[in-house]
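Once you scroll down, you'll see the structures, which are given as structure tokens.
Consider the two complexes below, in which subunit A is the common component and subunit B and subunit C are the respective partners.
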Partner chain A sequence: MKEIERLYDRIIQRVNIDLRELEFEVNPYVQELIPLVQMVKFYAFYGISPHLPPHFQFCNSNLAGSYFLGRCKVTDSLLYKSDIRGDELKKKGDLFRYLDYDMQVGDDEEIEIRNSLLIKTLVHNYSHDPETLEKFFITDTISMNYANIHGSPSSGCFLGAFATVDLTTMRNCVIGNFSYIQASEISHINIESGTIWIRNPGRFNFFYRHNPEKINDYIYVTPGAAPQGLFVDFIEDRKEAFQRIFDSVHIEQPVPVPNNASLDRFAVTKGQTHIGENVLVAQRAFLQNSWLGQGANAQENCFIINSRLEGCNVTAHGAKICEADLGRNVFVGFNSFLRGRPDARLSIGDDTIVMPHTIIDSKEPLEIPPGRLVWGMIRDRADLETNSIAIDDFSAIDSSASIGDLFFEGSGAQFISAFKDRIRHILQANGAFFNGSEQKGHAQKNQHISFNTIQPYPEGMKKGLFPTILIEP
Partner chain B sequence: MKEIERLYDRIIQRVNIDLRELEFEVNPYVQELIPLVQMVKFYAFYGISPHLPPHFQFCNSNLAGSYFLGRCKVTDSLLYKSDIRGDELKKKGDLFRYLDYDMQVGDDEEIEIRNSLLIKTLVHNYSHDPETLEKFFITDTISMNYANIHGSPSSGCFLGAFATVDLTTMRNCVIGNFSYIQASEISHINIESGTIWIRNPGRFNFFYRHNPEKINDYIYVTPGAAPQGLFVDFIEDRKEAFQRIFDSVHIEQPVPVPNNASLDRFAVTKGQTHIGENVLVAQRAFLQNSWLGQGANAQENCFIINSRLEGCNVTAHGAKICEADLGRNVFVGFNSFLRGRPDARLSIGDDTIVMPHTIIDSKEPLEIPPGRLVWGMIRDRADLETNSIAIDDFSAIDSSASIGDLFFEGSGAQFISAFKDRIRHILQANGAFFNGSEQKGHAQKNQHISFNTIQPYPEGMKKGLFPTILIEP
Partner chain C sequence: MIKWLESEIRPSTSLRPLVMNYIVKDLMVPISEYATIPEGSTLFDAIVTLGNAKVKTSGAIVPHWLVLIMGKNKKVLGKLSQLDILRALAPKDAVTDRIDEMGKFGFSSHFIARLRDEYRMKKSFLEDFYTNPATMSMKVEDFMQTITHTEFVDENTTLDTAANLMFVKNRLSLLVTCEDRFVGVLRLSDVFSTVLNTMREVSKNLRKI
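Let's look at the complex of A and B:
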């Protein structure tokens, strides 16, 4: 076990050095957090699909419980139960449009994870950084439970639990728990917990911060202990259902799946669950007694329980939806927590955008009309007034506006248009618009993936480390 | 599926060319034998252990259901449910004694399988060829169900079902069904089915051929069809028990295992089975209601049912023992079939050597006294007279002897001494003599092995082929 301990210490040291200007020490957050002995227990796995000729390179790392898809290189790192999805990497020769430039991608893009520690983190590669088209890097970075690193190259950073960084290149930053950042490029900043910040320089700036006291009920981190709170309890309560899935080599499809849809074999489905046409259910998604209409997608680590989603719904990575009825084209952003009650259901009208990291947790029935933009924390009808607006009204903002605790500046129309473009891209990439021959997406391409499993040395000096593994087509 | 079909055809073509002088065409034996679609169904797996730093290289091959341990390279080959065990490969710098020479091994030895088709074949690498110390090659070779390629480099050969080649380098040979060959080096010969031939040039020559009519009850091959007969039925009847083992990621140890013994997680144990100290049970061994005394080993594809083995027993690859009581130090050779009946048990005294490919299948109780050499086919007490001899008497042969259908020439003493040395080596290598600190063998070293699984492309042109995989320590 000697070598893995050395590696652990070295990663911590390097991240500390990178964050010295911010006077941030990662030690209390990661020390003792994962007993290294846990890291010997779980197999990692990678997907083999003709749509993504496999290029993997794993070297001097532990990958316990992690999943890999698409071109990826992991060196000197510890990845614990993380999902690394490289299925939207750019290809050699692709044209990348940035402002007025058409940039040619010089080589097949690759995810490179080096000297990093990712715990239950989702990495998805849809990166927009024109400065690093061929390499999606995650170096000297520590990322905590249920964080999302989404299209966001990162160097020398610390991400708290349930944090999301989206389409943002980060250098030497700290991202607080449950913060959502989409800001192109950030450097040397420490972002407080519960911050929702979306910035497109010169166009718009969207800023909201969750009330620190209220947010503690949902996610709370004490140095030296694992993250606590309702989010953690919610996931822990449902952990066992995944056990069976990971313990079996072959899983029978538990519910009917149309031949243009896909249900990942590492997803959980319980009770009466309906999978519609062109639906994508990703690995580690949890579905219970729910109805997914045509073109809906349920992304990694999401939970959809006792709910009905009419169609073309995006349920982003880590989002949770309980006792709710969602119309068509409802978008639910990363790590959002939408909870109705059996006797007080939540209903959301068509074309509504629920911003990432939104909490809707009402004990009274709540009805959100169609076409709304919704953000922040909503625990009753009064909160809904200050935390939502008709999308058309938001589009009319042309310089700035304060709505409840939200501060927005710039063009509301550009903000809404950017968001809608993004949602369309997500639906398209996931195969929602497949017509039987064109517009194939993940829902169609992921139907046949083989999974190979890998394990570390079971004893000796290298105990817990995986051998060096290279996979080529 | 295109590429795997081309590969299949190319292997057949090359083996046919290599065997043209013998006027042997392999087509009728392998054509349609494995529907290629089966080859997409099973995962292959390889072991990771600090005792055998992993070196694997798999390239343009299908490996369905196969197992790999130790340094191994597979190129342009189809391996279906085969066991490739490279745990006794020579190491760089080892001294290899051959006649009066001490030869230094120049590099770590490696198993190299190229342009070959192995179906349910066991490959074990304990090779003695002084001409190829660093490479254990299997090229342009087709090997059928339950054949054993044991320490036998092979080029341009065809092995029939249940054939065994042991410590023999082969070039352009055909080995008939259920033949056992141990002959140092052979070239351009076609060996009839049921031949037992052990030759040490200049020292001894042991030759027996099973009666072709009688052997047909046990193993029978019609061109164009899968092998048939009692051996096949026997295995097929017990196939399902392996299903559960291969479908689960984690297997609870079904019976107590002493901490100096090992029971492979891919072995089957049923009923009241006892595993003694220093016992080794290899993958794909099948144990039912049996007692394995101290230092016994149960090798790949062996079956031990309702039997008691007192200790230091070798049950070699593919051997089957039912309703029998075996004393200490009883050796049962490759693919032997020993069947007593519940009301007519078979008993075998201490220190008896049951030659490879022996069939003892008696409906009356049969008692073999201690210290016998036993061979051929024994179906009643009369057969026992012509197919066994006291080891001491055999040792006394100094020029030649005919006993029943057995022809022997050379030194009986040298033959027995070579056999006993071999048995001692097997027990030692398997850890039978471990004293708590010294003489570790497979029984002790195999306790902690991680298994990684690999699968082929699930669709597309490369359907059924595995991606290129390189594993280094």
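Let's look at the complex of A and C:
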């Protein structure tokens, strides 16, 4: 156990050094957050499929309960129940467009994690840094529970619980709890909790910050204690269902799945759940009494409960939908929390964009008309008035606007267009448009994945560390 | 009082030797003529002192830009510039703090100024802020810039070196010392005037040649 303790201390020290300019110390947040005995208890596992031949290298690391797909290298790191999903990495010969350049990728891209501690974190997509086309690096970084590192190389950073960094290279930054950042490149910045910031320099800049007092009801982190709040309780209440699927070697498919759809073996499905054509349900997703229409997807750490999604819906990583009816093409962004009640359902019209890290938690029936842009925190109809706008009206913004606590500068049309393009790309990548022969995506390619497990040393100085392992096709 | 030294008698075409002929003591404003207030004063005291303080330079009356906050034993504790005073007086609340923070997130200064104006329009009570007794009684210590060791210069330092210190350290003034005593203030405006006068002199001499 000695070596894993040393590794833990070393990672903390390195991140502290990188964040010294911001006068931020990570110790109070992560010291003893995970009892080291927990790190010995869980196996790690990796997927193999003809579409994704395995290229894994693990060295001097603990990988407890973590899942790996694609091509990745983990060195001197602790990964606790994290998903390292390398199924969207760039391939040798791909063209990467940046400004006016089309740059050719010289080699297959690899996720490289070094000197980092990732807790229940999702790593996905590919490096959007034009300077590191072949390497999606995560070094000297600590991420807390349910953080998303999405297409975002990171060096010397701390991500709070439920934080998301999307398509952004970050260096020496602190990202507060439940913050969503998509800003191309950031460095030496400490971002407060609950900040939603989407910036494309020269085109648009979108900024919203949740009310700190209200957000504390949902996620609250005090030094020396594990994250608390409604989000944590919500997940903990459903933890047992996952325990069963991780403990069993063979799992019967619990509901019928069309042959062009994919239900991951490590997803939970309960009650009367319908999986439509071209649907993708990723690992660690939780479905209960829900209808997923054609082309819908439920990504990692999603919860869809007593809800109906009509089709071509994106439910991004970590989003939660309860007691709700969603029309077609509704996008629900990362870590959003949408909760109606059995007697007060939430209804969202077609083509609506629910921004990442939005909270809709209403005790009264709430109906969001089609074609809206929705953000922030909405607990009743009055909140909906100040936290949503018709997409057409938003597109008409040509210089700047402030709506409630939302600040926007730039072209509304470009902002909406960028979002719509991205939603279309996500649906395409997930196989929503598969026509039987063309446009295959994850829903079709991820159907037949085999899983192998690996285990750490059970005793001695190296207890908890996994042996150095190299896995090639 | 500026002393013209012997070298001036001989026409010179080089600016540097002429400037080198001055030392800080020649140009500084003595502390007895400078705007100072004791620690514990209010921001209102500082404004009044600064408003009344003027120095006579080359026949012109020039206002001071700084007021110095003096501690016991005639030590300088800090300084307040006109800009510091305006900053201290700017109405502040959670909303204005957030608006000010927007610059960090890449919003344009034009957009930030517009947000500020819009907020002012909404909150008419802010107009009364400047005459609010609470504002008038704010203590200078809460807003002053503390003095760092890089702001001091010895009175016998050459003007050339002092000017170099000013632009390297980006200072509008330097505090002048004689041994351990604080004796005056060297202001950028005086340094600049001296350089300008010297340049004129050199130019005149060139024409004579």
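Rule of thumb we're sticking to: the second predicted complex is superposed on the first by the 473 of 473 C-alpha atoms of A that agree within 3 Å, B and C clash if a C-alpha of one lies under 4 Å from a C-alpha of the other, contacts with A are read in each partner's own complex, and residues count from 1 in each chain.
The rule is short, and it goes like this: contacts are C-beta pairs under 8 Å (C-beta built on N, C-alpha and C of every residue); 3 or more make two chains touch, one makes a residue touch a chain.
Everything quoted here is computed from the prediction, not taken from an experiment.
Chemist: Looking at A:Ser248 after the superposition, I want to know if it touches subunit B, subunit C, both of them or none. Which is it: first, second, both, neither?
Modeler: First partner only.
Chemist: On subunit A, which partner touches more residues: subunit B or subunit C?
Modeler: Answer, by number of touched residues of subunit A: B.
Chemist: With the two complexes superposed on chain A, say which partner A:Gly293 touches: subunit B (first), subunit C (second), both, or neither.
Modeler: neither
Chemist: Contact-wise, after the overlay, does A:Ile48 reach subunit B, subunit C, both or neither (first, second, both, neither)?
Modeler: first
Chemist: Looking at the overlay, what does A:Gly441 touch: subunit B (first), subunit C (second), both, or neither?
Modeler: After superposition on chain A, A:Gly441 lies in contact with neither partner.
Chemist: Figure out whether A:Ser402 sits in contact with subunit B (first) or subunit C (second), or with both, or with neither.
Modeler: A:Ser402 sits against subunit C, while subunit B stays out of touch.
Chemist: Considering only touches as defined above, state whether A:Gly65 meets subunit B (first), subunit C (second), both or neither.
Modeler: In the superposed model, A:Gly65 contacts neither subunit B nor subunit C.
Chemist: Need the overlap of the two footprints on subunit A, from subunit B and from subunit C, as residue ranges.
Modeler: Shared contact residues on subunit A (touching subunit B in one complex, subunit C in the other): none at all.
Chemist: Which bits of subunit B are touching subunit A when the two form their complex?
Modeler: So the residues of subunit B touching subunit A come out as 43, 48-50, 53-54, 246-250, 448-463, 466-473.
Chemist: Per the contact definition, I'd like the list of subunit C residues that touch subunit A in the complex.
Modeler: Interface residues on subunit C, with respect to subunit A: 98, 102, 104-108, 111, 114-115, 118.
Chemist: Going by the contact rule set out above, which residues of subunit A touch subunit C in the complex?
Modeler: Touching subunit C from subunit A are residues 183, 189, 197, 199, 201, 205, 207, 209, 400, 402, 407, 409.
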